[in-house]
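Take a look at the structures below.
Below are two complexes that have chain A in common, paired first with chain B and then with chain C.
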Partner chain A sequence: MKFIKPENIDSLLENLEDNKGRTYFLAGGTDLNVQIKNGIIRNPNIIYINHLSELNGINAANGSIIIGATTSFHEILESKIIRLHLPFFQKSLESFASPLLQNSATIGGNIANGSPTADVVPLLLILDAEIELSSKTRNRSIYLKDFFNGYKQNVMESNEIITKIIINKSAEKNFITFYEKVGSRKALAISKVSLAGMKRVSGYKITMIKLSVGSINEYPRRLFKVEDYLTDKTASEIDFTKVEELLDKEITPITDLRSDKEYRYHVCVNLIRTFINQ
Partner chain B sequence: MKVSFKLNNKNVTINTDPMRRLLDILREDFNLLGTKESCGEGECGACTVLLDGKPVTSCLVNAVHIDGKEVMTPEGIAQEPLGKLLIDCFDETNAVQCGFCFPGFLVTSYHYLKTDGEKNLNKIKKALSGNICRCTGYQKIFESVMLACERN
Partner chain C sequence: MKSIRKIDAIPKLNGSWKFLDDYSYEEMIHGQLLYSTCHHGFIKKIAFPDGYNLSEFTMVSAKDIPGENIVPEPECDQPFMAEKEVFHFGQVIMGIAHPDRKLLREFISNTKIEYEELSAIIDIKECLENQKNAFGRELTIDHRTGKKPDPNWIHHHKIYYTPHQEQAYLEPQGMIAVWQPEDKIMFVRATCQCPFFVKEGVETIMSDTIKEAVIETSEGIGGAFGGKEDFPSLLAGITSLLSYKSGKPVKIVLEREDDIQITTKRHPARIEINSWTDPETKKIMKIDIDYRLDAGAYQTLSPVVLARGVLHAISGYCIPDAFIRGRLFRSNTPSNGAFRGFGAPQAFAAMEAHIDDIAANLKVNPYEFRKINIFKSGDEFPTTQPILEDHLSDCLECVIEKSNYLNKLKEFKEWNKTHKDKKGIGISIGYHGGGYTGNGEKVLNSEVKVVIKKDATVMIFVANTDMGQGAHTTLAQMFFEAIDHPREKCLVQLPNTSKTPNSGPTVASRTIYIIGNLLRKFAFKIKDELGFENLEDYVASNQNEFPREFRMNFVQDPSVVFDDENYVGVAYKDYSWAACVTEIYYHADTYQIELTKNWSVMDIGKVVNQKIATGQAEGGVLQGLAYGLCEFFYKPGYGRMHGFTDYALPTTMDIPEINIEFIHTDTPIAKGLGEIPMDFPAPSVRNAFHNATGVFIDEIPLIPERILGSIKNLELGI
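What follows is the complex of A and B.
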């Protein structure tokens, strides 16, 4: 076990260059500590990052909202910039864990941990958020939809770290929004199914729609095929048998301790129906 | 690693493993037994303390997190005027049964009183939603916090 508390971001990136074996970043610690306690992670190599001011804070610049990776959910919920530009995003995060965990848990941690149930990911997916990955030699931005590639797997190199989350300032503008998290109780629920949606409607016709689901697949993802089918249709033109068929191709519901596949599938279909008819 | 922090308004320094849990530091190094361990996973709130004025579950906070910060435990809060008021109100409404969850509720309620304090049931419910009580069914706990808001 190795523990490093880098002085600044440069020293952090320097450390990552000779990163051998698996290393865990410690930010808020709300997921990592549970995994250590339960023996899922043993004798980990840890780099502490929560004190690095370069990774913290919310700013608006060049038409974008930039959220530092170690910004806590409490900070996002209190942020005036987020309230002004991304009120739906902010409101939806009120159901994140509990006020106690919101004070510690960070947005970058919720993404990097890669849980299929990560609350913030479906929301960021429909907002077309990008994340910045940094290493000593380069910074690259990728769309969050291209970040995950398997259960708790992602495209990050061993010398990289998530530094920023970037959302377009007008990402929510003129959209009808929807966010529903289905869990066993209100506070602290790890969702069984969550659906985030945004649509534009002209007359009765859906002119644009974005949907993403959490807790269904190995990682949260967009439902591009369903979106394509629903676009340019009125509610009465939509055949929900067809939606179910498409959904069948796009989701492979997992069975875990919280719920089984069939339940998740049906709730997902019902949530889409609710949003369409809204 | 050397960790210096303010504990219940007093400066302290310890030498410890950076990953050691704040919960263990409080109970083992300082004999502050008001902070309880129940789930150990941040779900129950029995180990709630204030870290730089914000309530957090100390089972998920590591020694490295508290360096240079302020920690307030239930014992510290019990010495504050608002803490005393809350304890009186919990007493009057018979809100405490087995008492195991109570220190956590005290910390979270104290934070609510300090930062908001409006006598509003929905707000109080939300503020206390990270704390679990398995005896009372919560009604009396909410009543005591409502009472404290009224008297404050």
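What follows is the complex of A and C.
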């Protein structure tokens, strides 16, 4: 095991240039430590980043809310800036793990760990969040929806790190919102299904809708096909057989120790229906 | 009734009390268990990983055992370690020790065992459906009249299934053995419920190589719930052997994942009920119960669980014609064992479900139907033991009133007409016989010891352990309240088998009921013998008589006569009684049941310490509700849960409002409290779900995936 604690962000990025093989960034450690203890990760190269102030904090600037990658969920839940601009996002995160884990786990870690069950990702997807990836030579922003490309796989280069999460200040404005995390209990649960949704309705017509699901594909995803179908329709114009057909193309629920694919599928359908009729 | 603070409250809060893993001894090394990952097979080869210096390790296997390779149990059929053949996943093959705990863990996880695999039964239903898997003694309670059922009676037939349940004690299983060759004593520090069981275990495996095994518990025992009744005997045996062979103190603390996978669980059950009810009187006239338990690979203490199961199988009803048959079934899974309730929760889960099934069929509300059939003084149990009091019925009446049950029935019915989500309310009742079954307490012949010192401090010596349930606080309280002695001058000593007489194991709701009431009597006896008004004054003026030791044995009431061959007679002298009402909210989108309220009314006789008793009752009720709702341990095709991430214990967020009331407390006898709160709540969840949706589910827990399977095709209205 190799352990590096860089002095500052420049030294971190410098280190990444020389980096050979896979590196794990240690911030809150709530996923990493468990994986090391259970032998899933053996002899890792670890770079500790939780002390780097450049990566931490919540700021509002130029119409955006910028959340540093190592900002803890506790900090997000307590943040006045978030409460003012993104109250739905904040409220939804209350069901994240437990207070103990909220104190330690970080937003960047929840994304980078790449779990299909990551709680924060479906929410960030409907908020059209961007993430900033930094290396010694460049900073680039990409939409979170373009970040993952497979189970625990993403587009990040070996010399890059997630530094920021960027959300438009008015991302929630004038939207009707919906979030349901379904687990085996109300706290300390890994979700079996989660659905996040935002819509705008004019008259009876849905003028805009964004939906994302967690724990139901190899990584959390937006349901673009379903969204397209629902847009510009009134509730009575929506054919749920069609919704289910489209959903079949966009989700791949599985049966595992924790739940069954039939259950995940039906809950997903029910939650979408409830949100549409809301 | 005084709510005296638990003696362990402050030392546990400030961290000064030691749990097992906090103890260390000079030159101590660490041990772990190498166990089978094969369900059934011959061990062909054990290959240790390269790159380790094998001479640094101490290893023991069956061939190193100087004594007998059989764990002492009610049925002695389980070896400490497998010899050539393994009969279940998790069977211990070797004990291995090394000074470095982490290195040892790596070494064991990289050790590969080759097996010649044989056929195995690992699925619960596969085990319980096939009568060829039955083993051990079959128990029957025969209270048949020999008459054929009246053709007008309505026949109901159902099969109910209950799952494993994990004890989920906070502190995993652990043991430290310290071999003392100079006096040939094997000293064992244990987190356990039954120090004398552990002693017997160590003396069996070590035989004549030791003079004596001395067992002392750790200061803190972080929970047990039955899980530390028999497994510690096996663990202590292997730890002792490692200490003997290495010549060093050895500590084994199980990793949580190992603990969940290989130690004893509550027995899964299949309970088939045939009943015949008179539609005119709404009385159940005849019943036939087939009670089956999946014992695992060995019987161990399962025969005793089976006994309690059949003795509680009929629940609280007077049924003139009854036949109960109980059998153990063998599977290739770790032996199941003791867990709070000990066969009774399975019995009530089935019978209390069946009562609601019949009531629904007869279109009587579940309360009215229970009221008609509940047993009263003058009735008898199927063993012919007479019912001497109406306290069960009193519990039911009280809980119906407190919960406003009848009004809620109407109110929910209306509400459900206009809502997609549903509200439901359900009842269940139960009881628990205190102490060992039948003649057990007579055989145990428990002894307690008290030493009164020169400063009038009373030292109480009992083998019963305090695993967080507050036993040592309450036992002392029963003694000092009897003679009005200051509480700080009356203390229960840490159980140590060389100093403490054998007052029996800490099981069977017997600690306060048998030992506590004995201590109370003992206090009065000492007072009479010495003739004092005030013990402190007496000791002060008779200093030369002290320190002085007193001993007393438990004497069973002569009315307790049980025919163990035919299961006839008085199975338990005193019963604790209970009834509950549970309210749920059913979320239609997610098929989830949310517990909203529970009222539990219990008769446990005298309440010694209100706060401790209420805490025990709330915890037990929650454990019972979770057994019915969410604690899901084994999934066919996927196996056992690995830890608390998957095994869904409820969190504080999931706890409903729980209202506990004790009735008939105005009596000198404190009855059993340990298990009763766990026995009865589970079926109330299932019955409430039926009330909410009209759907009966006959297998607990009511996890949402199972609910979806049951209601997928049913129209629930709105």
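Things to note:
Operating definition for what follows: the second predicted complex is superposed on the first by the 278 of 278 C-alpha atoms of A that agree within 3 Å, B and C clash if a C-alpha of one lies under 4 Å from a C-alpha of the other, contacts with A are read in each partner's own complex, and residues count from 1 in each chain.
We take it that a residue touches a chain if its C-beta (ideal position, glycine included) is under 8 Å from a C-beta of that chain, and two chains touch if they have at least 3 such contacts.
Everything numeric here is computed off the predicted structure, so don't read it as measured data.
By the touch criterion defined above, A:39 reaches chain C but does not reach chain B. With both structures placed on the common chain, the touch criterion links A:203 to neither chain B nor chain C.
Look at A:270: by the touch rule set out above, it reaches chain C but stays clear of chain B.
Using the contact criterion defined above for the overlaid structures, shared-chain residue A:180 touches chain C, although it does not reach chain B. After overlaying the two complexes on the shared chain, residue contacts for A:260 are found with chain C alone; chain B is out of touch. When the shared chain is aligned, chain B comes close enough to touch A:99, but chain C does not. When the two complexes are overlaid on their common chain A, residue A:21 makes contact with neither chain B nor chain C. In the superposition on chain A, the residues of chain A contacted by chain B and by chain C overlap at 98, 186-188.
Put simply, chain A touches chain B in their complex at residues 3, 5, 26, 28-30, 33-34, 36-37, 46, 48, 50, 74, 97-101, 103-104, 186-188. On the chain A side of its complex with chain C, the touching residues are 39, 98, 180, 182, 184-190, 256-260, 262-263, 266-267, 270-271, 273-274. Of all residues in chain C, only 109, 588-592, 630, 632, 635, 638-639, 641-642, 644-646, 648-654, 703-705, 708-709, 712 touch chain A in the complex they form. Put simply, chain B touches chain A in their complex at residues 1, 18-19, 21, 40-43, 45, 48, 51, 54-57, 59-62, 64-65, 108, 126-127, 129-131.
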